[in-house]
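So that you can tell them apart, the chains are marked A, B, C and D in the order they are listed, and the count of residues begins at 1 in each.
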Amino acid sequence: MNRAFPVGEVVLSVENVSLAFGGVKALQDVSFDVREHEIRAIIGPNGAGKSSMLNVINGVYHPQQGTIRYLGREYHDMDSHEVAQSGIARTFQSLALFKGMSVLDNVMSGRNLKMRSGILLQALRIGPALREEVEHRAFVEGIIDFLEIQAYRKTPVGRLPYGLQKRVDLARALATEPRVLLLDEPMAGMNVEEKQDMCRFILDVNDQFGTTIVLIEHDMSVVMDISDRVVVLDYGKKIGDGTPDEVRANQAVIDAYLGVSA
Amino acid sequence: MKLNMQSKLLAAALAASAAAVTLGSPAAQAQAKEQFFPVLSYRTGAYAPNGIPFANGYVDYLKLVNARDGGINGIKIAFEECETGYATDRGVECYERLKGKGPTGATAFHPLSTGITFALTDKSFVDKIPIITTGYGRADSVDGTVFGWNFPLGGTYWDAADMLVQYVGNKEGGLDKLKGKKIALVYHDSPYGKEPIALLQERAKMHGYELLLLPVTHPGVEQKATWLQIRQQRPDYVFLWGWGVMNSTSIKEAVATGYPREKMYGVWWSGAEPDVVPAGEGAKGYNALVFFAPAGMGQVHKDMVKYVYDKGQGSGKKEEIGEVLYNRGLGAAMLTVEAVKRAQIKYGKKPLTGEQVRWGFENLAIDDAAIKKLGFTGYMTPVSTTCVNHAGEAQARIQTWDGKKWVVQPGVIHADNSIIKPMIRSSAEKYAAEKKLPKRDCAKEAG
Amino acid sequence: MLYRENGQFKSTYVSDQQMLPILQDRVLMALLLAFAFGVVPFVISDYVFLSLLIPFLILTLAAIGLNLLVGYCGQISIGHAAFMAVGAYAAYNLALRIPQLNFIVVLVLAGLIAAMVGMLFGIPSLRIKGLYLAVATLAAQFFMDWLFARVKWFTNYSSSGSVSTAPIELLGWKVDTPAEKYVFLLGVLVVFTLIAKNLVRGHIGREWMAMRDMDVAAEVIGIRPVYAKLTAFAVSSFYVGVAGALWGFVHLGSWEPLAFNLNVSLNLLFMIIIGGMGSLLGSYFGAAFIVALPILLNQVPAWIGVPVSTAMASHLEFMIFGALIVFFLIVEPHGLARLWAIGKEKLRLWPFPH
Amino acid sequence: MKKHWPVVTLGTALLIGLALPLATGASPPGFYVEVLLGGLMAGVLYSLVALGFALIFKASGVFNFAQGAMVLFSALAVARLAERMPLWLAILCAMAIMVVLAWLIERLVLRPLVNQEPVALLMATLGVTYFLDGFGQTVWGSDIYEIELGIAKEPVMILERVFRGGILVNKEDYVAAIVATALVVSLALFFQKTSTGRALRAVADDHQAAQSIGIPLHRIWVIVWSVAGVVALVAGVIWGSKLGVQFSLAQVALKALPVVILGGFTSVTGAIVGGLIIGVGEKMAEVFLGPVLVKAFDLAGGGIENWFAYVLALLFLLVRPEGLFGEKYIDRV
């Protein structure tokens, strides 16, 4: 297949990461890497440690062992806002939108990273502060159009149906102009056409902005269709890694996972 | 239906605020020939136990004057109560609400809280309404040339502190004997409690006793540590400057830490029934200043029963008539009524403005004969004021609790003006400077 | 049919982002201001000024301050009167020790000092949330009460511990009569409301709300919790500090530490609960409500001929406050402001509800 | 890997501070012991109120600001009823009243607010506080009232041989301490041993789960609030007999807040230990540290016990947010 941004060098690699809460081992010595512009999936049954993996990557959890290497920089306990600054964005499985705010404000909040004007200027809303608001509004409108949620701009997100909220979540992440985008079960709890829409959006994002995408999903079919490479986790351990076809062929994976659904 | 309820509520709220704006225009008052007495009281909150009897006494006397004498020389007394809860901002609100009422506005205010007195003092210069503080308020306001509208009748806290020092000095056999002695001041941590400190320090310099300052935080139920310190320091005397529940607590803690009650001396606000009764037997031997004789039934009380209580008009319980704080309220009201009478001589028998009543307050001359006529014999000492001296001669006595009732000790104590006067001067000057106030020329006003 | 926005299309983002996008609202606001500045000062009695409007204006300012912290940033505080006290005493000492200072400057400086103290006590919010933070703010309350009662310097060694101030003066204008005070305060309040409005619709405001709604997600999209929370504490304390200074100088004229005790903090909290958390308009409603209710309770019964004893009235006040708090939390957590909004929605559709 | 050092440093600092007066000879040992006892007495009462907090928080996740108001209300009830009937009967009636109160609160306040975020519930209890303050004074009056437990108030000297000047104690305090301790112990047992206690703990851990395994949530809440009410009653009676029953009781009870912070919201043990620490700490601070500060900074009197507890709690929060015995929680996304 020919794509605008062919898969390139490794941008992000997870090396021997282990994470535990008290006694519970969420991740054990997991390693894998992510290449520029690719769509990378992490799959596994519930409780396999998928979400924990994302939380480690973007600094919500700090692993006891192991490091994350991103654009050559190594870190293992960077705070999530620093991670965000370095260009990694993410969406959430259980919706984590700002319920009290309108769709527009939710997406705008994704631009905070890029906003510089000081508190005094904002207080008076003059010069740079005002200009900033307008510029970023323009950018955000772009994303809103891209995700086809124009109609709901001023609606409080709380009032939107689930599927749309997922889209707003994605919009907010895109607003940070991420280099790597982490998606935590973007299609969980969606009906068929909502899922198709979401797949389309994911592919478009990857295609138009060249954003590298790491997504968690337990819906096998979807994953296999859209992702370039797949990591399989089970009980916190990596049991498979490779192209969809390789993973399908992997016996351990079949036992642990496919066997269940098949 | 829920929404419906909500909109109702909204409507209510709006109506409320609307109503709030329309009210308060004093024009709406009945314009009868009456003299309006505002009553700032607190019948709720931490200080209610002391606030209630005082308010009852004050209100009852006004009722009595109406019922017995048909008002002040025919001018009926109208009054309205306002709850301050002993809080300054509430007091100010009450003041603003009541100052304009009645045909001629408020006669005079009894803030019944030193904190409120401070706030009202500033306003008095604009509103020209006397602020009467019978035995409380700011000590320096004796100076009528600066504090044109304050009348700390009966004595200030500097007087009180001075009297106590003198009394214990004589007990020791002369003020000079106080050298090296230790006096602890256990005080309510508010302007009220802090007032006496200045004088006690002054006296300490003179006589060389050590002064121990032990503040008790509002409302004063937490005093364990305070009394542990007293137990450690073992002062020769403890002066108690408490109010409300703090007084009884102090006495209880004194019992608990075994400090002899005989060596405790309270200001006249720490010597009422609610202060000692809760401590039960333990309060026996505790002393306090008193300027009117404490309990008992004088002529005025008999009248009170006859004209007010027997007609079911009383504010409180019959058996509480004559209690210390009740009498305190009675006296406060009486002085105000007398001031109005006095002023009527100059301005005529009609409702008077606060400014006119002030003249009455500045020319009070209540001698023993007058006291007898009022039925207060044995319940107060003569009062005479001038434009310069707004307090009159401060004198009081010591009363002791014998477990059942207050027993007044013989001998009247007079505050030593040679010490207090200069302090008043300088303090008043400071205030005038701070506030950029013009000075009154009493000589000119008299002439 | 009057209240319609049909045909008011927004062609630029600027016009779409303005404070009152609907024409009618702008007109209404203009009229309201004209009335407040041009008419009220000449028709209202002094009593209403002194015991209703002036406290209302000042407390609204304080309520806005608290609302920025609690309503917008989601950090609860039950010790905000402490920062009012800081503002008041800071202003007192500035005015006392640098007499030539213009009162406006004094106000701003006092606010800044309060802001600093506020940030100091805001630091715990970086580690703790909700209830824990509430108790932490109580520490501020009691410590400040104590500090101003004890350290003599703050009260200029006044023997009674109570301080009093001269009438304020601005460039020759002596703000003395109730009407003047009202106008001055109204001016201050309008300016501060505008600033608050700008902040909450700017990106700092979005950071605060993000913190409030979902702090983890907020950090994940790059919002720095330290910055968001501390600015919230700072701005909030600044507002409250200025309000405190005004409360002391314009309303009380002389005060003691008790004037800023725990009850004041709780009242501020009630204002924003009843008025509406996260709504500037709500701060106005709440303040109006809390100021008016006790006075009404004291006077209404007398008018309608069922006199209630003063004690009863104040007990009633306690009960009604309490009941209302619970009522609002249950029925309408967004307070009067929300009810107002609902009313407006209805009006918008009137007379065709569908 | 958990960082203990801040707690340790804070703890040692406290201990040193505690030892200092003796070490420096600033106080005679006898007096020191008296202060210590005084602190413990106060502490026991704080523990009692704090216990009410902990109970309710554990079972219903509500931070009950109204605990103080409940203390006042119950004490008023006892005092006024005792004027018409024997004390024991008055206390029983008051208990009944507190149970009814608990039921009403559950019905009218908690149930409608179930699953609201904690802060909303805290504010609701603020509302309850105000209501109770007003209601209590309306029903029972706002004067000072007596609760006469018939314990001698005159103090007695003990251990004169051991310490010079002996140690002053009064019976009342001891009875108070004993009653309080008894209550505390029995409650602890109630929690650990009885089935209701276990149910309570289950509810505390997870409401939905508790309901799903058939624990009647609402009844549990009523029970807890009743228990808290009774605890408040005991505290109120003891306190009332010491200080006289009066409006300002409610304010003393505020001290329980720093106590629960120190001990950890959910922990019964925490409430007790925290109470004692605060009690001793503030009395020691007031008596020994206070005068020093006054001299050092020329303050207008001490009175540091008013904030000491809160600032201590604050410091503690910074080093150990979950309190001494509370459980830690982790955010999930």
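One rule holds for everything that comes next: a residue touches a chain if its C-beta (ideal position, glycine included) is under 8 Å from a C-beta of that chain, and two chains touch if they have at least 3 such contacts.
All of these numbers come straight from a predicted model, not from anything done at the bench.
Colleague: In the touch network of chains, how many steps separate chain B from chain D on the shortest route?
Modeller: The fewest steps needed to get from chain B to chain D is 1.
Colleague: In terms of C-beta pairs in contact, which of A-C and C-D ranks higher?
Modeller: Top pair by contacting C-beta pairs is C-D.
Colleague: With centres defined by CA atoms only, which chain is the most remote from chain A?
Modeller: Taking each chain's C-alpha mean as its centre, the farthest from chain A is B.
Colleague: If you average the CA atoms of chain A and of chain C, how many Å lie between those two points?
Modeller: So the centre of chain A lies 41 Å away from the centre of chain C.
Colleague: Using mean CA coordinates as chain centres, what's the chain A-chain D distance in Å?
Modeller: So the centroids are 48 Å from each other.
Colleague: Starting from the mean Cα coordinates of chain A and chain B, work out the distance between those two points in Å.
Modeller: The answer is 72 Å.
Colleague: Centre to centre, by mean C-alpha position, how many angstrom separate chain C and chain D?
Modeller: 33
Colleague: Do you know which chain C residues sit against two or more other chains?
Modeller: Answer for chain C, listing residues that touch two or more other chains: 146, 149, 161, 216-217, 220, 311, 314-315.
Colleague: In chain A, which residues are in touch with two or more of the other chains?
Modeller: 60, 92, 96
Colleague: Quick check on chain D: which residues sit in contact with 2+ other chains?
Modeller: Residues 137, 142, 300-301, 303, 306, 331, 333.
Colleague: In the complex, go through chain C and note every residue touching chain B.
Modeller: It comes out as residues 44-48, 50-52, 55, 146, 149, 159-162, 164, 166, 251-256, 258-259, 261, 263, 285, 288-289, 291-296, 298-300, 309-311, 313-315, 331-332, 336, 339-340, 342-343.
Colleague: Using the touch rule from the top, collect the residues of chain A that touch chain C in their complex.
Modeller: Spelled out, the residues of chain A in touch with chain C are 58, 60, 79-81, 83-85, 89-90, 92, 96-101, 105, 108-113, 115, 117, 119, 122-125, 129-130, 132-134, 137-138, 141, 172-173, 175-176.
Colleague: What does chain B use to touch chain C in their complex?
Modeller: Residues in contact with chain C: 2-3, 5-7, 9-10, 13, 16-17, 19-21, 23-26, 41, 43-45, 48, 52, 81-83, 85, 87-90, 92-93, 96-97, 99-100, 114-115, 118-119, 121-123, 138, 189-191, 194-195, 197-198, 215, 217-218, 427, 431, 434-436.
Colleague: Taking the complex as given, what residues does chain D use to touch chain C?
Modeller: 63, 108-109, 112-113, 116-120, 122-124, 126-135, 137-138, 142, 254, 257-258, 261, 265, 297-301, 303-304, 306-307, 310-311, 313-314, 317-318, 321, 331, 333
Colleague: Would you pull the chain C residues touching chain A in the complex into a rising list?
Modeller: Its residues touching chain A are 13-14, 17, 195, 198-199, 202-204, 206-207, 209-210, 212-214, 216-225, 231, 235, 278.
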